[in-house]
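After the structure tokens below, expect a handful of questions from me.
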Amino acid sequence: MVEPEVFLAMGREVLAQQGFSQMLGAELTAFGPGRCELQLVLRDDMKQQNGFAHGGVLSYLADNALTFAGGSALQAPVLTSEFKINYVRPGVGERLIVRAEALALSKTQAVCRCEVFALLAGEEKLCALAQGTIVKQS
Amino acid sequence: MVEPEVFLAMGREVLAQQGFSQMLGAELTAFGPGRCELQLVLRDDMKQQNGFAHGGVLSYLADNALTFAGGSALQAPVLTSEFKINYVRPGVGERLIVRAEALALSKTQAVCRCEVFALLAGEEKLCALAQGTIVKQS
Amino acid sequence: MVEPEVFLAMGREVLAQQGFSQMLGAELTAFGPGRCELQLVLRDDMKQQNGFAHGGVLSYLADNALTFAGGSALQAPVLTSEFKINYVRPGVGERLIVRAEALALSKTQAVCRCEVFALLAGEEKLCALAQGTIVKQS
Amino acid sequence: MVEPEVFLAMGREVLAQQGFSQMLGAELTAFGPGRCELQLVLRDDMKQQNGFAHGGVLSYLADNALTFAGGSALQAPVLTSEFKINYVRPGVGERLIVRAEALALSKTQAVCRCEVFALLAGEEKLCALAQGTIVKQS
């Protein structure tokens, strides 16, 4: 069994190799078999024309969190096959947080769900919900 | 009726107000009622650990293209309600291109589809397909 | 506030008016604001060529459960706008059970999730997961 | 190469083995590599409380059409992994028709799309659009 801090360090190493995640300043704040939490500071260059987080930033967080949750559940190199996301509230706040979980695991894939929150004045508000499929690289 | 070049100029004005789109260097290369094309140069800071376009960049393009197609079909300020995306090939190339179309229009919403392509050595390769709902702001 | 048994009776009245639900023998076994449970006996005329529950039966259960959960959360006549479903295990058993919940509620819509289980020899097995949008009729 | 009429006959044989499809009276009206058309007569026992086709009937058609399109593209026994469906108009008419197509094919999966129409007084009206993943049985 992998120690929690080793697991987290391994996840952070992968994240550090993602140019896009580095550019966005994403941090892996929790990581274990079948679950993860990512956070980023919401900067102005991540917004759309109304000053809210761009949908593409929320979908990036969902995509990446589902992949980390699925990859850690499958314990293998993975690909994100697909996901769907529902936006339910404008992303307004200092920080965005996503938490993902693998809910159904087979030998070849994990179906995962996640929720994206905006942290505003210390309170988390649900902004988006996603569900998707992570598959083992063949 | 709005002249095509006026329509395109209006769309580019919206895109110019999106900090995230500016940071990614997205260009609106075609825009008309119910359809749009966006492009961006695939930079290293848009990649994941294997050197492919990060899924979050493809989902950004899908999100934004669906919204522009839906907004131009509804001719009103809109929100992206939801979408689903299937990734079908790693994003490898100099440039990413997305084309979206509104397929079903009502008074309050447009259901749109799009395809994301990677341009490699002059050839477009289909990387992702998405379908989603754009709603009028109430 | 509506008494739980009155709420359930109201839901059953709606279900009784759905010809398709009657034909499939669906029962509303729990119903409250923002949540519901439906069950049906898995008959041979609900199967596909391998003897499993047809995907269309699982998607019927998901569709209906999401709609009941969303409608009871919104407390208004509703339409199912869209949903996505992931199939994770063949539907094998005597009975299918779906449980749905509204997770994000606004004035006009509810985003809901559900899980579909097959009951085999007293044990529930997760067969499908869905997420979708229920909107108020305008 | 398989002759078109042989292909269609093979598809009809599979459909005939689906108890659910038989019960609903679904007919395979066109079938070729990567595409199919299914139809059914809209009966009262396929409706919901407002007299429209139940969403579950539309989702059955989408599910089955995506699977036939994907299976015929992959030319192998398949499973439906997932799909998403958007409902855009109440299903009102004498007959429902679905047409599906495989758009992205790999060795192990096909990503397919379909549209569901209601036939009313000789005119087809778009009722639902779906997109999903069909995978080879491993």
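The letters A, B, C and D name the chains in turn, as written, and every chain counts its residues from 1.
In the analysis below, contacts are C-beta pairs under 8 Å (C-beta built on N, C-alpha and C of every residue); 3 or more make two chains touch, one makes a residue touch a chain.
None of the values given here were measured: they were computed from a predicted structure.
Asks: Any chance you could name the chains that touch chain A and chain D both?
Replies: Touching chain A as well as chain D, we find B, C.
Asks: Determine, using the mean of C-alpha atoms as each chain's centre, which chain is farthest from chain D.
Replies: Relative to chain D, the chain whose C-alpha centre sits farthest away is A.
Asks: For chain A and chain B, let me know how many angstrom lie between their CA-based centres, rounded off.
Replies: The computed centroid separation for chain A versus chain B comes out at 21 Å.
Asks: Just curious, how far off is chain D from chain B if you go by their C-alpha centres, in Å?
Replies: 28
Asks: Report the inter-chain centroid distance for chain B and chain C in whole angstrom, where each centroid is the mean of the CA atoms.
Replies: Whole-Å distance between the two chain centres: 33.
Asks: Where in chain A do residues touch two or more of the other chains?
Replies: 81-82, 84, 86, 133
Asks: Which chain D residues qualify as touching chain A in the complex?
Replies: Listed in rising order, the residues are 81-82, 84, 108-109, 111, 133, 138.
Asks: Provide the residue numbers of chain A that touch chain B in the complex, in ascending order.
Replies: 14, 17-23, 43-49, 54-57, 59-64, 67, 79-87
Asks: Okay, in this complex, where on chain A does chain C touch?
Replies: 84, 86, 88-89, 103-104, 106, 111, 113, 126, 129-131, 133
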